[in-house]
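The two complexes that follow have chain A in common; it is paired with chain B in the first and with chain C in the second.
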Partner chain A sequence: MSKSVSKEKSMIIQKEMIAGLLKELGNAKETGKKVVYTFVPGNISELILAFDMLPVYPEINALQSGMRKKSEGFILDAEKLGHSEDVCTYVKCDVGMMINGNIGPSGEKIPAPDLLLLSYTGCFTFMKWFETLKRLYPNVPVALLHTPYQEGHKITPEMTQYMVKQLKEEVIPKMEKVSGNKYDEEKLKKILANSSKVEETIIKIFDTTKNRPSPIDAYFAGVYYIGPINNGFRGTPEAIDYYNELYKEIMDRVHNGLGPITPEGEMEKERFRLVVEGPPNWTHFREFWKLFYDMGAVIVASSYTKVGGVYDMGFRVNPDKPLESLADYCMNCYTNLNLEQRVELLSKCITDYHADGFLVNSIKSCNSFSAGQLMIMQQLERRLEIPVGFIESDLVDPRYFSYANIKNRLESFFQMLEQRKLILE
Partner chain B sequence: MEALNDIIKKCNELAFDLNFTRAKEWKKQDNSRVLVGYMPIYFPREIVHAANGLAVGILGGGDKKQIIKGDAYYQSYVCHMPRGIVELVLDNHLEDFDGFIFPSICDVIRNLSGMFQLFGKGKFVKYMDFPQNFLPEVGGEFYKSELQHILNEIKKINNIEVTPERLQKSIDLFNKNRKLTEEIYNIRSEFPWRITAADIYNIVRAGFVIPVEEHNDILEEVVNLLKVENGEPHDKIRVLVIGAFCEQPPLSLIKTIELAGCYIIEDDFLLGSRWIKGDINTTKYSPLDSIVRAYLEQSTFSSSVYDVDNPKEGRLLTQLKERNVDGIIFAAPSFCDPALLDHPILQKACDDNNVRYISFLYSENTGQFKVIKEQVGTFSDSIKLWA
Partner chain C sequence: MKKYFLGIDLGSTTSKAVIINEQDEIIGRGITNTRANYMVATEIARLEAIYNARFSILKMKLDDEIKSKPEYKKYIEDIESVFQYLQFKRRLDKLIVQFDESINSTFEGEKKTTIVNFVKTIFNIIAPEIRHEFIFANLGNKNQFFRDIVSERYNKEIAKLGKEYFEPMMLIYDKSITPVENELTEFDFKELIFEALEVLNEKYSYLENTNPEVSDIQFDIEMNILKGNHKQVHESIKEHITFIANMDIHIANMVGTGYGRALLPFPEKSIKSEILCHAFGAHAVFPNTKTVLDIGGQDTKAIQVDSHGLVTSFHMNDRCAAGCGRYLGYIADEFNISLNELGPLASDAKKEVTICSTCTVFAAAEIRELLNVGEERADILAGLHKSIVMRAMSLLARSGGVRNEFTFTGGVARNQAVLKYVTELVRKNYGDDLKINIHTDSIFMGALGGAMFARRSYKD
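Then we have the complex of A and B:
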């Protein structure tokens, strides 16, 4: 009994945090708080908070619209405006929502932006997305933070310098103008100090999958765990509390030898341990998860939970160098790593967390993740000699989710895993 | 006329030679020469030239190469061009190349650079992050460091130091190249019956794979030939084709559009060769800084460039007016994110300004043009009838 209460505590905290943010957004007009639209990868919400502004994440709205079965209508409306069938469905879902009054997934109106913070990493579409929003909100300024790609396997001083200069000359002046507040470096440092604490806890949380059984599912549940840091709470005391609580709950599970909790109940027997690459499908999230639950498959690591920051390779923000740190943080997000780095990271996850197989969920309209995934699979198969599997779906367009097809493919993948287990035994 | 036909034939052979024979021959003549392949769209070829190199445009396999291996590397919903390029690599067409450059146009090209790294091709593979910040002290400095990085890589191979004098010479040659190319387009705009769009395409594309000095000679000859009247105007509408900046349309598609009643007066085919508008002026800054400035201040518009401070629809409408065009054809490669994400913005501008347009998708190996021909024919007829 006590366990189930403590299990719920982190969920309740997260729910309250998000509800609080939504409420603040709802009251933004009255309170005069300025609203900044921005993205998850390259999510410099510490800076937004340092100016006392409120963040909105169009991607998160889109994924929540997908989960609440609202995305299809929005996508069709955007397509009526000339948006192609082939492009990122997050963009179309967002545009559709805006032209329908900008009523968010939870039914509340999302305030219009006062600033479009085009801070993005690892995806070209983000840039095009805000070019589109600029046309929808012609009087709203756009502050661009262009993040260089880690093409050479490292962050060079020139890359950091370029980003810091952009922060100083483009982003901060626009934030000062919009918010009416002056840039306060001491305040930013304090917020970043909180972020670094959270980063440590997140690493510990995702490291608990080393246990057998794994106490968490690092993909389906993992996306809930990263909710607060990807949804505007980086650097807040609430985030510290939330992650501490979550870690405590998970460690309780470890001590009691328990597997992950899923919407279908607790996973009793862990049969397969997997690493998954690529975003999940949101429109059929629960069905999708159940397919894994039914097979006793638990995800011990996923690349998607690293879109808002990769800490596994040792990166932490350094509050003493606030702007450099924000720059390096952006450059360290998962899709800003080059293909070889992605292979290395995934390979480390597979080895460290003792995965039995590697699975790609390839998203039709997301080239940032998808272009190159087949090569990643080949590399991992060759280097680690493990079974690899491949399924296709979409983020928020239900037209591209074929349950039967995915089920078939997963079944053959699991058969492969089963056979390998027998051979190894 | 015969002379022009001969040139076009020669250019066609050069342009579509997927073995890059001429470039490789050129390299063999001197041990310090290097070949650097670059993917669409723009790359300042001047810097490679100044380092005793030849920057060769690699545009995919077009309809000349059957794709077998390349398909194993890409899901069906990724555009066609990168699979053509992978096929070229795996079939050893790019064997004598020393390095590869992947300009930052989109996520497909970006990840293709990673694939080249994993294939272990060339002595260097560089994803070139063109700055999206256009302030000289911010984006300009970063861009300069990117250029310097490439020069360092080439120097490691041939030990050639690029002096300002060398760079100046290269800039002069490419200024001439851009000027002559523009002149051909200008003549075409005034006398569209003198040369077809497909022929211009062949002539410009040949410049992607041969030394600039040779290409300048060809362009000069073409300009002189085109100054002489050689035909008669037809009853065709004047169109601008946009969206084809990266994966190239098959030549037959360009021909189809013209056969269906259009003169292609403006286009964004092979955009890299016309990226910098006007000369690179070296009187104010060092030659390397001048190249940087030209990128920041004289770049054309494209779906790969952040445009909030200089909206693309405005630039498109200006171009339309300057070229006195009757309508626009939006022709983009299937699954091309940057082009397709721009279409609603550009098409809205057309709607708001009563500009007529049609749109369709292609891939570099499209072989059926019947539907496109009918669509373009109807478009052309409707403009002739109602304009």
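Then we have the complex of A and C:
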């Protein structure tokens, strides 16, 4: 590993983008900008932007708190309020943060919401989460956008209509009222046109893992790459620039035959290629990542980087049909896929990116992702005859991260892969 | 020169060593309980495996004779047992010295004199008793550890003393046994084996004058045959014994595994995960194995294996000891019996009491409650064994279920009651036509897998 870690240009751009947004949020009360709290899966930030409002994502705040080692205290405070041990720790972390003055992970105060936009995509926790928020902010209006589950494997025109109807009758009127602006379809179309460019670039970026060595880690670094699109920049010109720059950098790596960059520099030898399902652990992110790159394991695809949008199966926004596109986008989001679709998607990733193994990081407090993971795992094992591994940790509750347990299992898993290579060669 | 390969499985409660030859045949096994000092435990297991290998080679050499003449078989069994006794004796002598030291540093005055006398008396009783058992009843074959053999008898003797001496006698016992157990006693195979032959001569000449009808010695056919001609047998075997005593067992490569594997002074590439080793070992013994359940001291593992013996997935218990050997240890403590007695007692049950607590700590409370309401110990134990197996079954289900053939490995596989419930529940849940493999060597599967990896990764 090389000693010096050079900051890539894209990293600097991203940092500035996020800092700018946080600053804008910090000044929202002065500038009079309205603030919408919403969720990452199926987030319709293009619409929020079309109304000139600012989005806040509670999950992102929670994961940031986790990474900055602030989550444990918040979680304990939420538990004192009566939230059970089994509640999603994103929720508890945020509740704890809010009752402690709503000071965000970067130290700036997060403005109170003017609108709670509940996009319900697959995870029931979202409903309960907003019930809690509603109690904390009793006078704030709630707009509900319900996304039908893709039970029958495909999106029917009726489903799209159902969502468009909600957008027209429930979401847009509330947004108009809160923002004081009229719905401007042309503006939304322009924003969506930007989104569609970004989608193309993102696809190309995550496709570079087809190379050997893979130039990026599509999980640990991948969650940074999806930062801007999940953090309110969907449809912005900044996002276009950021992703173009990122793609350029990655292609440079491909041309130079380089592997991924880790916190300790370049990963020298790619020994194992993996596909990972499930969110990462945020409180021990670096340690967790290190367990992989120390062993030469690179993640060539992960489902978590698709929570903000799944483009692999062909979905793209169509700026000419703005509301329909938003609807389809929500329905296509990873948490909204049925188990068969998830198996299909993961299986495509394993085959397309030539993975040696499949690993599940099951999150103790996330019911939405965890349900069905064992089934997914067993189906992939049988269907593709690929070694599979299973570890457990948590999102932001450091009490649930057992380093020794995870290390032991990962070591065994990596040895499984190694032995397989040795014996089958 | 012939090459041999060693696998060491450093478990949380026992350390196992296996030596294989170039054909993957097991020729040596060694096992000891793992206490604080892992290094010593490993060394003991390794040396034991090497001694055992010499005996195995002896048996292989004399294979034809052993088949046609039962007295040969008996004779070799006897030497092995006496050989084990002599090792035991060396350690016992150390223990006696250690007792002296412990007493000197712990007690004074009259109390000290009393205790010295008690200890002397106790050892005067138990030392010959143990000798007798080793030599005449083949205690060595029963696979008990030094501590267990001594404890059992020592405890029996102190129970006879007055209550006020119980505590101090236990105190010096604990103070003395641990250092002896944690210290490596080196033996010279050659010296010991010839000494063993002497002892045997003594045993057989004693037999000459004994009447089987009135003797406390277990006579069997082989023993009776030996009665007349042990000198002849001795003469014809002596040369072979000299050969195996002098032969060099060349360990060409070794691999370590198990719970404490990171502590082994092996290079990184010679340390393998226990999951891989158990699966590989089980697969070597039963080539059609598809699912392996390994219940060890510290953890339970459900492993799925492909046709090459390679692991495709595994599940381990997490944050709870309820399904594994340690749980049995707690239960034995709770009932104040030894671990070895658990299975047989549970097998005597007339029914199974349902145990709801899957948690070790809660189960202890539940046991007391059940005893209070008059449930039988055996019935409670049966229920406990079943609940352990049910935990293992849920782990198996999580890992993808049981596929044909199913192999059960690990230390807990020595417990009859566990075996019974595993068989019962696997059949019930996954069908009667499933083949279930359980091997007498199940506790050695991890070490065997390790040895096999050692052979495969060996390069001249």
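To be clear about the criterion, the second predicted complex is superposed on the first by the 417 of 425 C-alpha atoms of A that agree within 3 Å, B and C clash if a C-alpha of one lies under 4 Å from a C-alpha of the other, contacts with A are read in each partner's own complex, and residues count from 1 in each chain.
The working rule: a contact is a pair of C-beta atoms (placed from the backbone, for glycine too) under 8 Å apart; a residue touches a chain by one contact, two chains touch by 3 or more.
This one's a predicted model, so the numbers in the text were calculated from it and none came from an experiment.
> Does chain C touch more residues of chain A than chain B does, or is it the other way round?
With both complexes superposed on chain A, more residues of chain A are touched by B.
> Check whether A:T31 is in contact with chain B, with chain C, with both or with neither, and answer first, second, both or neither.
neither
> After superposition on the shared chain, which partner residues are touched by A:N100: those of chain B (first), chain C (second), both, or neither?
After superposition on chain A, A:N100 lies in contact with neither partner.
> Considering only touches as defined above, state whether A:V388 meets chain B (first), chain C (second), both or neither.
Touch status of A:V388: second partner only.
> Check the residue A:N405 against both partner chains and state whether it touches chain B (first), chain C (second), both, or neither.
Touch partner of A:N405: chain C, not chain B.
> Quick one: classify A:L374 as touching chain B (first), chain C (second), both or neither.
Both chain B and chain C are touched by A:L374.
> Could you look at A:H146 and tell me whether it touches chain B, chain C, both or neither (first, second, both, neither)?
It touches chain B, and chain C stays clear.
> Would you check which partner chain A:M416 touches, where first means chain B only, second means chain C only, and both and neither mean what they say?
second
> So, A:T351: does it touch chain B (first), chain C (second), both, or neither?
Once the two structures are laid over each other on A, A:T351 reaches no partner at all.
> What residues on chain A does chain C touch that chain B touches too?
Overlap of chain B and chain C footprints on chain A: residues 374, 392.
> Which positions of chain B touch chain A when the two form their complex?
72-75, 77-78, 82, 104-108, 110-115, 117-118, 126-127, 129, 131-133, 135, 137-139, 141-142, 145, 303-304, 306-308, 334-335, 337-338, 340-345, 347-348
> List the residues on chain A that touch chain C in their complex, please.
For this pair, the touching residues of chain A are 374, 377-378, 381, 385-390, 392, 402, 405, 408-409, 411-412, 415-416, 419-420, 422-424.
> Under the definition above, what is the set of chain C residues touching chain A in their complex?
Checking each residue of chain C against chain A gives 272-276, 304, 306, 308, 310-316, 318-319, 398, 400, 453, 456-457.
> Mind pulling up the chain A residues that touch chain B in the complex?
81-84, 86-88, 91, 122-125, 127-132, 134-135, 142, 144, 146, 148-149, 151-152, 156, 158-159, 161-162, 165-166, 169-170, 338-340, 342-343, 362, 364-365, 367-368, 370-375, 379, 392
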